[in-house]
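Listed after this line are the structures, all set down as structure tokens.
In what follows, chain A forms one complex with chain B and a second complex with chain C.
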Partner chain A sequence: MPELNSTSSDRQKLKELIINADRNQANAFLDSLAVQSSYMEVIHVILEPVLLEIGNMWVKEELSLAQGYVSGKIAEDVFEKTIQAGEFKKERANSKGAVVMGNIEDDYHELGKRMVITFLRAAGWDVYDLGTDVMAEEFVARAIELNAPIIGVSAMMYSTANNVRKVRDEIDAKGLRGKILLATGGAVFNLRPELVHEVGADGTAKSAINSPQLFDRLLGKIK
Partner chain B sequence: MTEKSSKIEGVSCGIFKREIEALVGSGRLNIAFTFITSMLHMVPAQLEEKLKKTLPKRSGGRKIVLVYGDCQPSMIEMSARPDISRVFGMNCCEIILGKNRYGQLRREGAFFLLPEWTEKWKEVFQVHLGFNRENARNFMKEMHTKLLYLDTGLIPVPYLTLEEISDFCGLPFETMKVDLDQLLKAIIDAKNELAENQ
Partner chain C sequence: MNSMERVLMAMKGGKIDRRPVTLILSLYGARLTSCPLKEYYTNPRAYLEGQLAVIEQCRPDIVFTPFVLTAEGEAFGSEVVYIDRNPPNLKKPAITQAGSISALPEPDIDSHPRLLYIREATRLLAAGCQGKRPVAATLLSPMDLPSLIMGIEGWLDTILFDPENTRLMLDKTVKYFIEWGNTLLADGATFLVIPSVFTNPNILTRKMVKEIVIPVLAEAFQEIKGPLVFHHGSNPIAKFMEIYSSLPNVAGFFLDNRDSFAEARKTIGQGKVLFGNIDGPNLWRLKPETIRTECRKLLEERKDDDHFIIATSATDVAFDTPVENIVAMVETVEEFG
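Right after this comes the complex of A and B.
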């Protein structure tokens, strides 16, 4: 497979297309680069560095909702093409296992969770999305049923973040502390990092692109 | 339902200005309110600053009913003060609809439009959220099933504007009549909580 002859100007161009929220042009540009090598190469050399930068801008609230949304969709589009081209199968033959994801009780803001799911699936996780307004009992019951070692819970606001504590309590009540780990995330956890500890979560990621790293780290801690 | 005391002041998001003024004007509510522009909801840090300037610096003086949802990260601390009581609800839609009706409609995929925001929809969707028609349609169809205009009965339903928003977002719209009883109850409950803290 030829290596992609990429320059920082390619990354800059992709960044500008994302900032302009131009999904179609961004896809066309990445397609043209993939023809020279592969989608996997495009992901590693162009997309991931740009998304890291975009993720940092998102955390600093320097991006609009539309820009954040489009960046997630571009990632989703490229990962989908990579799967269709059979490139993921070559690189990641084995699934890392099941994870259960959802928005906590009373939370309906799905964008961030969907972006996390995109990156987790691309990283080899079998993600089961339970949807929005999910009760703690359902998170844990589904994790047990699917033999999932990690539950990912999303909350956008302080009031709903407090409900994540119920998942911690349910995991503990079932005697599964250390066997099922709790990942959490959402805007409020970036603004108030101390909340991660307060709700009893085992970890968080600042942006969607960092979530596979978090889940790998948590998997390594399972007793 | 009526409310008689005037010892307590109110600070509210401007999204409820028309509705609260109607409650005060009809004599069902007797609290003097200060309103803060609803567009600060789009910039939580600026909303936090504005609230800090508007609310009393310390306990012991004025008592405030705060008509806000969980709109910025320090709202919980602000409303934990003994001289401040925030109405129930995580956002303006839950405040005016109540928990059960809000949850049911949200689970159906509704995207709520209150009258004041409807008038400012271009500022919200295009300027603050950064959407063009194509991105808005993709995003809204992915996250919602319909637009739901909450008609509080104080202005005519702006059908032409709703059609414009519907076209921009690619979603059908419905209207639903909403009386002000739940909003009034939320404010009176918050006021009573202040009285209990005395």
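Right after this comes the complex of A and C.
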């Protein structure tokens, strides 16, 4: 497969298109680069470094939710094209493994979780989305069944964040502390970071784009 | 001065006997009367009893109509779930696809049970306050209501990628907002509080806010026959005040607890009231003495600001907040003068 002859100006151009929330132009631009090599090469050489930069800007509140959302949609679009081009199967040998994701009991706000799933899939995780209003027992049972080392639990509001503690308790009750790690996130955890500790989570990411780094870090902690 | 005179005078910037104070204690009334939440959020008389208990035990200068914004989503066909110790949460939006917007039925304000509940609670509360205490009615901005009709993601996706259906949705929500806002004022609300999320450059791009949001808000706000207070939703707004400064009928702004009053005042000028910025949902975490210290500090900082009302920011004060914490805030203001 030919290597992509990419320059920093290509990355800068993609960054500007994302900042302008221009999904169509960004896709057209990435398509034109993929013709030179492959979508997988585009992901590794262009998209991933730009998303990392976008993620850092988002954490520093230099970008809006809309711009983060558009970057997720672009990643999703490229991911789909990678599958359609038959390139993705070759990469699955390098899968990082299974993770279980869902909105905690009583939480129905899926936007953040879906963005996280997009970025995790693009980073090579096999993500199993359990949906909304998921009970702690189901999170842990599915993680055991799928041999998933990490459970990702989303909660948007104060009213539901405390339910994440039930997943912690269930993991501990099954004697799986340190073997299955608990990642949590959502708007409320950005507002009150101390909640992450209070609910017993092992980590959080300040933005969806940064979630692959969190999951990599957690994977390295598994006993 | 009674609370009504004090608050209205602060809104005009005139001489007051002491600084007005309020907390968002819509939910808290249920705690004080031990009322089951489903009953509280469906029976206007139960809501009134809760708010009368709030007035008696907490003495806020402003009381709120039911802070149950999901009811507006229900009026358009969305489903909610009642949860322990919190207002109901959106469970299932009325629609998920932008293509369904054109067929979306518009609620009848005079017959929909969820809207009738809020209207009756507003009338009862206004009557219960006897003109001596302002009643603030909360309703969603026309930019935000769609997130309770088609979900946050559905609405964000529509705004970003489907301008035709965005306009179609906004035509519906602007029309509804005007009718609903004016109805609440006619039912006895003193002013309207508009929690606003999809109006903030932390959510949409600054360009989108200026080109899409502000014209929509201006179109809606100018038809409201009473004062509006723009509420920060859950995001800081002080650094964006210049964007909102020209909106019609806006008497003031609720600031986020992370906002700087000085920064907001510098941009907005002297004529608008600034409310906030004690962290309401996290008031339960603090000791009463810490609350007193925080309030005194804020009162001292704003002592020369004629248009300042100390209040809790964000959403409801949490259900489990000790009443001593609330009283600590109110007493500190009463003592400060």
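Throughout what follows, the second predicted complex is superposed on the first by the 204 of 223 C-alpha atoms of A that agree within 3 Å, B and C clash if a C-alpha of one lies under 4 Å from a C-alpha of the other, contacts with A are read in each partner's own complex, and residues count from 1 in each chain.
As a working rule, contacts are C-beta pairs under 8 Å (C-beta built on N, C-alpha and C of every residue); 3 or more make two chains touch, one makes a residue touch a chain.
Here the structure is a predicted model, which means the values were calculated and not measured.
Clashing of chain B with chain C is the outcome of superposition onto chain A. Of the two partner chains, neither chain B nor chain C is touched by A:35.
By the touch criterion defined above, A:222 lies against neither chain B nor chain C after alignment on the C-alpha atoms of chain A. In the superposition on chain A, contact is made by A:158 with both chain B and chain C.
Of the two partner chains, both chain B and chain C are touched by A:65. In the superposition on chain A, the residues of chain A contacted by chain B and by chain C overlap at 21, 23, 61, 64-67, 69-70, 106, 108, 110-111, 114, 133, 157-160, 191-192. For chain C in complex with chain A, the residues that touch the partner chain are 81, 83, 85-87, 89-92, 151-153, 156-157, 159-161, 201-206, 208, 234, 281-282, 315, 318.
The residues of chain B lying in touch with chain A in their complex are 45, 70, 73, 75-76, 90, 103, 106-107, 128-132, 134-136, 138-139, 142-143. Listed in rising order, the residues of chain A touching chain B in the complex are 21, 23, 61, 64-67, 69-70, 73, 106, 108, 110-111, 114, 132-133, 157-160, 188, 191-192.
Only residues 19-21, 23, 61, 64-67, 69-70, 106-111, 114, 133, 157-160, 187, 191-192 of chain A touch chain C when the two sit together in their complex.
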